[in-house]
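Pasting in a structure now, in structure tokens, and then I'll have a few things to ask.
For clarity, chains are labelled A, B and C in written order, and residue numbers in each chain start from 1.
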């Protein structure tokens, strides 16, 4: 039945030829990287192509978990006051030897200082090494306020001095913006007057080294023979940039790539049925929500919010919007995160009761706006469709909904206003696996008029999460966060809608791939069976 | 470019009925044009009577019937002849209502571009000199950008919606009308009847609209038919790129864009809107060919 | 060719006309992106947001806090020195970005035009010589269907059929990933030959087939229709009738006399298709993940990458203007009837 195509025959012929000995893994990536220096960027697509394969960080996330394990730092100590973090660096780590750079020394403290100081210090020669470059993630994680100084204790020891205790600090250093760059390479580029090449011809200590990039088409890497954690089982790694999801799936089925992310939920059945493919799945570290404006009547009344939550048919949303690639959310943090409180009970879907509750609250003939994002996000693959479903649901309890939308940048900005009219569909994807990254950022009092789209400042809740932020005992933090989730549910500033389930279709030949709860795509430790 | 000048000046003395009869004679000689006309009338009828014909509402969702195939396939739901989409909306009803949007786009774009284009073209051709030069340079600027790219950029400025898409497309099509009208005016301006009218003391406005315009209608009508179909295609393309009508509007291009993710699983949601666009555009183009033959046998441009 | 001086004067006149148009184009390209709602800084920040202080700082860094006219003159000054600024996203010079991607679009467009000519001209000639026959009607019917085709939908159908069900052609990309060679010319067909790698060229060809068909469909229809009507006109003229009456073989009449004259308007039509092609490239490249400027422009518009959008619009307009100029001049050259 299946015809051997011209291309497939050719492919087979070449495989048998001279190239046969090299194991090449082809990944059909969803977009072009913005650059190869991860620190100036914030998108996962860029990190997949830069931070993950090319670089290492002081500490790293263990593959497939959010646990922090030693990376370029072998060990670390935290002072009792929580203000000093001292890292012992790993000896004998080599930077990549490439066509464009040959390192003469091993990795040391100078590289660490260079990595962070260029982001921290405005007068650093590398602070703006290409026109328009800036350090968005570093800033977004409030690093400039948090880091007082970085001290080189000796060649193999580095100390971070903070301005205040911050429990998630170590996890922050495992993030992509903390990818360690080579100072020696930077010095060479500076001497040659080609500083912008740092963003185009990267040199790191990671499992793969950069070979070539053809814009918007292909990125090529090869295994780093001197990787500090051992050479990778595959020899070559190729990113074939394929922006269209249907096309990616076609390529995967045709054997033109081994792994392809972000399948259309609609294609999942076909992908699972294909004999040459396997589909892995995992809950994403994200949450999609509908945030009421809790400062505007009648949404300042928790009872009204609760009633509306009960009017939403989440199952219908999961079916129609997520096509099964999602799970209903009851908490503001995803279930894969530590301290997730499974004891919380979700609001039942009950339009009758909801109607009654609205009447009791004295709300009649309510008409409201629901904001639908104009873009596709992991936590909400189709906000427009979701809004339409909510519109239908609300009409059943006598609430008229008008759907509004704005251009994405404008949407984000306008939705921050405390006098915003309407409830906003939005979501969040975790950065570092710490609950603080969800609860404090999205629901803390500091975030009102900013990332706290519900404009919700509830003293008991805020006290709990502020306390949890500064203590370093995880058991104690867990207890506080679990309690906070109870308060959240009771107060209902959001309708928690869904956590996405991320699917990863790949060829059955691929072994050892682990899905990353943080949503990145890593190919260290991955092999191809013959 | 110069051949538009020699329009067969339909003798203005003829009684209107005779002109129409003559027109129909030539038009009906072209079998394709007649078929196109019937199909077009059919689409118009569907659009007008959509409320009566459509078995369901365009945005009614049947949660129990998501992505049901059309009736001849296994697993079909007899309520939905052409199947349903991802949120359980009836494809047939959406296609029926969609015809309204496509025809609406075509009408608005053509009338907008035609009216403005003709006025600007008349002014340019009649006034000449600097006004003419300025207008033509602006048209050159518009023509220097590929029309779809320009429309895309314009919609990005105005914000994605069907109305804005129509405005953008009308602007992009403008220069063709301006150029045609101007060329016609230039060639008519020196003809005896115009000179005579002027000598007789006709005002410039009267000269432009009453004397000159009726004599350069043929190429404009042909151009209108052409841009009617282009407008539908461009609006669909913008919708496809997410910059046209916004969901849940059942505009065909937008339906295609929404349906694209189901290309492997549910062929009907991808196929039918495309067929609808193709058939409508084809019918209009067939008619356009017939119009061209009938109005001006010499005007054989594609 | 009666007078070289007249030719030259026409050339200068045409180029003179281009100057105001060019200035207008720079204003349009610059202006468009400025009046876009939303801005790149907010878009970059995403859900994480950016503080008002940081926002001002970034706007200052990009130079967007300065008066518009100052920014515009900077832009003009940049054009003069071949500097269109750096992309906000990749931080690379827009000029470089454009020329990295342009060959891909050019290659695809050239292939599409060749495809359209190879099929369109014979089809048009055939239809004209058998005017009114079923063949004529079929050819012209098909051409009209092609002309009415929503090509984004057509592309999807072809992918389903040829790549999905039949598996004859690769789904997307420019060449199989097995082949790796540095871009020399940027044209994959040439580069793959230069690389000397066995099979690279055939792979590049197989990747080109579907996009070529999709992008070539509308030009093909236009060329076929244009050829037919031009042929009909020529066939009706005296000298062809005379040639026929003299008993020359039909093939000779059609081939030598008629076609040569009929081709003049056809060539003009082909030249005028360049705008259509670049517009079609936006859709074709989006569907086939073809790394060209059409897709790049769409992405840049969506990302509010100001410098890339204004630079890209400008470069594309310049290409269109140049091609139109060349077509005009060629038309004057090959058609002695035109007077300047």
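The rule is short, and it goes like this: a contact is a pair of C-beta atoms (placed from the backbone, for glycine too) under 8 Å apart; a residue touches a chain by one contact, two chains touch by 3 or more.
Worth saying up front: this structure is predicted, and the values here are computed from it rather than measured.
Novice: Looking at C-alpha means, what's the farthest chain from chain B?
Specialist: Taking each chain's C-alpha mean as its centre, the farthest from chain B is A.
Novice: By the contact definition above, name the pair with the higher C-beta contact count: B-C or A-C.
Specialist: A-C
Novice: Closest chain to the protein's overall Cα mean, using per-chain Cα means, please.
Specialist: Closest chain centre to the overall C-alpha centroid: C.
Novice: Taking each chain's centre as its mean C-alpha position, how far apart are chain A and chain B in Å?
Specialist: The answer is 45 Å.
Novice: For chain B and chain C, let me know how many angstrom lie between their CA-based centres, rounded off.
Specialist: Once rounded, the distance between the two centres reads 23 Å.
Novice: In angstrom, rounded to a whole number, how far apart do the mean CA points of chain A and chain C lie?
Specialist: So the centroids are 38 Å from each other.
Novice: Residues of chain B that contact two or more other chains, please.
Specialist: Chain B, residues with two or more chain partners: 159, 260, 263-264.
Novice: What parts of chain C, by residue number, touch at least two of the other chains?
Specialist: 37, 156, 159, 164, 286
Novice: Could you list which residues of chain A touch at least two other chains?
Specialist: If we look for residues of chain A contacting two or more partner chains, we find 246, 250, 407.
Novice: Note which residues of chain B are touching chain A in the complex, please.
Specialist: Touching chain A: residues 59, 61, 63, 66-67, 86-88, 159-160, 246-248, 260-266 of chain B.
Novice: Touching residues of chain C toward chain B in the complex: what are they?
Specialist: 17, 20-21, 24-25, 28, 32-33, 35-37, 141, 144-145, 147-150, 152-154, 156-157, 159-160, 164, 222, 225-226, 229, 232-233, 269, 275-280, 282-283, 286, 294, 297-298, 301-302, 309, 313, 316-317, 320-321
Novice: Mind listing the chain B positions that touch chain C in their complex?
Specialist: 32, 137-138, 140-141, 143-149, 152-154, 156-157, 159, 229, 233, 236-237, 240-241, 253, 256, 260, 263-264, 267, 270-271, 273-274, 277-278, 281-282, 284-286, 289, 300-302
Novice: Of all residues in chain A, which touch chain B in the complex?
Specialist: Touch residues, chain A against chain B: 245-246, 249-250, 264-267, 269-270, 316, 319-320, 323, 374, 384-385, 388-389, 392, 405, 407.
Novice: Which chain A residues qualify as touching chain C in the complex?
Specialist: The touching residues are 2-8, 10-11, 13-15, 17, 19, 24, 26, 34-35, 40, 42, 128, 130-134, 136-137, 139-140, 196, 199-200, 212, 214-218, 220, 238, 240-244, 246-247, 250-251, 253-254, 256-257, 406-410, 412-413, 416, 426-429, 450-451.
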